[in-house]
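Shared between the two complexes below is subunit A, which has subunit B as its partner in the first and subunit C in the second.
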Partner chain A sequence: MSDQTHIPAGHDLAPGEEEQHSVGERILGYVVGLVLALLLTATSFFIAGTDLVWQPSIPVALIVLAIAQMGVHLVFFLHITTGPDNTNNVLALAFGLLVVFLVVGGTVWIMSHLNGNMPPMDQIMMRQ
Partner chain B sequence: MLGKLDWSAIPFDQPIPLVAGAVVLVAILAVLIWVVVKGHLPYLWHEWITSVDHKRIGVMYILLASVMLLRGGSDAIMMRIQQAVAYQSQGYLPPEHYNQIFSAHGTIMIFFVAMPFVIGLMNLVVPLQLGVRDVAFPTLNSVGFWLTATGALLVNISLVVGEFARTGWLAFPPLSGLSYSPGVGVDYYAWSLQISGVGTLVAGINLVTTVLKLRTRGMNYLRMPMFCWTTLASNLLIVSAFPILTATLAMLLLDRYLGFHFFTNEAGGNVMMFMNLIWAWGHPEVYILVLPAFGIFSEVVSTFSGKALFGYRSMVLATMAICVVSFMVWLHHFFTMGAGPDVNAIFGIASMIIAIPTGVKIYNWLFTMYGGRIRFATPMLWSVGFMVTFIIGGLTGVLVAVPPADFMLHNSMFLVAHFHNVIIGGVLFGAFAGFEYWFPKAFGFRLDERWGKAAFWFTFTGFWITFMPLYIAGMLGMTRRLQHYDVAAWRPWMIVAAFGMAVLTIGVICQIMQLVVSIRNREALRDRTGDPWDGRSLEWATSSPPPVFNFAFHPDVRGEDAYWDMKARARQQSFEHDVPEYQDIEMPRNSPTGFVCAFFASIMGFALIWHIWWMVILGGIGAFATFVVFAWRDHDEYVIPAEEVARIDRVNLEERRSLVSMAGAV
Partner chain C sequence: MSITVTVGHAHADPHHIGVVIEHPGPASKRIVTAYGFWVFLLSDIVMFSCFFAAYAVLSGQTADGPKGSEIFEQRNVAIETVCLLLSSFTCGMASIAADVRNRFWFYLGMAVTCVLGLIFLTIEFREFADLVARGYGPSRSAFLTSFFSLVGCHGLHVSAGVLWLLTMMAQVFAKGFRADVLRRMMCFALFWHALDIIWVGVFSVVYLLGGAP
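== the complex of A and B ==
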């Protein structure tokens, strides 16, 4: 509904709605995001195959790079910022993360229990 | 050419579904012919089928839910009769038919009765309560409704073409896997839920956005009516939980269609993962259903007690607490599946904790009634009936949240009694309360109180007579889903339950009679003021039925109970309404997108079920093309000129002024 008389109660804006900036600034934002994303991707591929670093640190490095990648996407492409006009989006993100954490964490915990206590028949046979 | 579909799919040897199907088909054909002959088709098409008006879509959701309630109710009647007669005998339903009936009953009641009913009420009321002109995405709203209808259609087609799942309403593998369910039953189940699940997700996104983004001037979060809060919580749960259902069913379908091994017994599949995932959706789902009902009771209790809701902020807090904690309890559905004591203990405690915010709500409603001037109109009867019933259901829920007790009661009739106790006593009573309460708003006339009260009392007593015996049968060791049994001790309770079912049926007939009588007496029951119950929130500030634009001006909200304040101010200031400056209003144009999209989705769903691949492609292309055509549309709005708005609004203002001055005189 593009009803312009309509004033939302807060000053909360939808992602993509906050652009008061000029087109040039917006393009710059996307370009920076793209470059950072590419850089992080390239680094991940490089790290995975390299022997320049201590080998057991590679998985940790990949996880860190992946989280950084998510951050870049959230900030530059999904326009999640910490500004006061963005409370809803930050809250929605937090709620989403909480749910994912609960469901995935809970599932891993529950399934490890179930797998430990209720293994398939052939594994029970092997234990005896 | 037609995949697995041939004449053997029609159950010629089974008279019950065939006769039922034939009767329904004849009825549908008769209605269609009547519509065409009487020339109502253009009206239906322009005013309802292609409508993107949230009120119309809400009404259609509720209509769908009501029709499906009759279907699910017929299943229930058949099951109660079967269990009453099938003592040391086969009863009248063959086992494979009985299994389809309890599966269809659960699936229909949850997905195609409870869900559309609450979503319909939310659609109808929430934009009005927020003081806005429509939901955030009106056409998407229509798409959501029609996709839900597609799911319902597919489930009902399974009655005559092929079969329905025999697996229970959640289709647990390995029983629902290809090796144990080779027929099309599980495919009907899964595809109808996938398609209607998209519809539900779309409705959820729409309503969350509406509550967060479209509120009238001054409508802070903490001034929203309680129903808007529970709508927000419920739809947040839809948005976060329904993708889990979709993913889980998608994996089950991959197992069945493409030979994957997510949930098979062999090749590294894990059936327990299905239980885990489906309940990670399934438990939030019950709160998706019951939270809007809590909102309805809050509105009804406060209106009919003539008082502001007691403890508004604690109610908001309780709602949001339920919203979060509902994602921490799902394991209690499978305590018995082999998790260790620490897992069971923690999920058991979380399940008991969630009763605390619910208890807070009960006390808030009681304190709202305390000292109020209570009017026992039909919606209020449903609300009080709910409080009594739901407390018992909640208590037995806390009981089965204790893992050792659950080990005794798991999958027994006690459990069946418990969840009917909370779903009928909570969700269905709430839906009926909301139906009675908001019907005048939707159609401009009140429902007949005599028949409404009769419907309440028959349903209420019928419920108790039907489900209390099931608690006892559960205690006596009767498990659920029994096609026949040999234990004499269970028999009397099953007969009592069947008798209760008869009383419940009278309640349903009273409800239908209420509708018929009210429509015939609609002139006498006409609501001219738009405020038949002396309401408190903004939906009562506009006429009944509201004009297509809802409000000529965006109302200015200055506190909780916005409309109550407006009425109070109007009385004090003897109504010096400065004649407002009317403006043109832009409204979204109607669009057949939803209907056409759902038409192709139905074709695609049916083709997927029967492995008719060319038809799958046809349906898929059609649905996508519909979306493309819609995305490239040029005109999406039309303008209602200011004079027209003024004309409509003045009529309403006159009625309202006379009401307020009358109330002032008294």
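== the complex of A and C ==
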């Protein structure tokens, strides 16, 4: 028995729910999330309209900033954490993300190859 | 004695991972409801990902119509983004107020959330009406079809969210902070935050990436 960790009963959290915190701590969590999200949003809009950075890097930067901001929303607003009480929520999220990446990534990949292998539209029209 | 102990362990630790979990029985209704709603939200996000994929494929197919950089107004999008972000924050404040059963802060938080949501919807509706009036409706090109369906679908979700928000205020007014009303409030907060996450994708992919010259 001594080498076994004992986990107390009653240990799941609903998505969106936090562990027991005082009201002040909970409000502080939302304020931190809001400030981080505003900073990331401002950076996105700034980068999209500026000439200061290397132009080809802008799309990548925008996507990275968007993913970072989604992470901020998940952690500070939806309270999805890596704790043991959140395992079910995280697993469902992971499966959802897998499907999203398959759909978006697969579509973009396949369609760009199709476009690459197709003759331009006016040539198709001329053959008919 | 040693045999009974071994049998006891086999039951409590069937996979011999060295962790004994005392099974607490079925989860509470609050957890089950919110988890089910979380799965619904994820499937909603999967549906949005199909619209995003369509937009990514079709954003160059303008059929000699306008390109994204010619019709998007960055300033309006920034205002919309800030509105939704602040409304997500006030929605969080309202759900804290509901948890501590404070009516005043609950109504205030929900009312501000509602106003911010309506400002967002007004700006979006005017943008759509303006585009249609200039002849750039959804039937103009494949790019505009995918644009209107993706952004319009998000706008429909926000409209439904505003109706749900008003329903929650009415239910708290009529029934008070009962357990079932609090469960619905929790699902509403999840819904509203998820809409904000989708909007992050919309403004990044549609307006900022798609608006690049």
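In this section, the second predicted complex is superposed on the first by the 93 of 128 C-alpha atoms of A that agree within 3 Å, B and C clash if a C-alpha of one lies under 4 Å from a C-alpha of the other, contacts with A are read in each partner's own complex, and residues count from 1 in each chain.
Following the convention adopted for this analysis, a residue touches a chain if its C-beta (ideal position, glycine included) is under 8 Å from a C-beta of that chain, and two chains touch if they have at least 3 such contacts.
This structure is a prediction, so every number in the text was calculated from the model and none was measured.
Comparing subunit C and subunit B on the residues of subunit A they touch gives the larger count to C.
Applying the stated contact rule after C-alpha superposition, one finds that A:A66 touches subunit C and leaves subunit B untouched. Using the contact criterion defined above for the overlaid structures, shared-chain residue A:W109 touches subunit B, although it does not reach subunit C. Applying the stated contact rule after C-alpha superposition, one finds that A:V53 touches neither subunit B nor subunit C.
Using the contact criterion defined above for the overlaid structures, shared-chain residue A:N117 touches subunit B, although it does not reach subunit C. With both structures placed on the common chain, the touch criterion links A:F95 to subunit B and to subunit C. Residue overlap on subunit A between its contacts with subunit B in one complex and with subunit C in the other: 3, 5-10, 12, 14, 88, 95-96, 99, 103, 107, 111. Those residues of subunit A that touch subunit C in the complex are listed here as 3-17, 23, 26-27, 30-31, 33-34, 37-38, 41, 44-45, 48-49, 58-59, 62-63, 65-66, 69-70, 73-74, 77-78, 88-89, 92-93, 95-96, 99-100, 103-104, 107-108, 111. Taken together, the subunit C residues at the contact with subunit A in this complex read 13, 18-24, 27, 30-31, 33-35, 37-39, 42-43, 45-46, 49-50, 52-54, 56-57, 74, 78, 81-82, 85-86, 88-89, 92-93, 95-96, 100, 186, 189-190, 193-194, 196-197, 200-201, 203-205, 208-209, 211-212. Looking at the complex, you find that subunit A touches subunit B at residues 1-3, 5-10, 12, 14, 88, 95-96, 98-99, 102-103, 106-107, 109-111, 113-118, 120. Looking at the complex, you find that subunit B touches subunit A at residues 132-134, 136, 138, 212-221, 236, 240, 244, 265, 270, 272-273, 276-277, 280, 324, 327-328, 330-331, 337-340, 343, 554, 583, 585-586, 588, 637.
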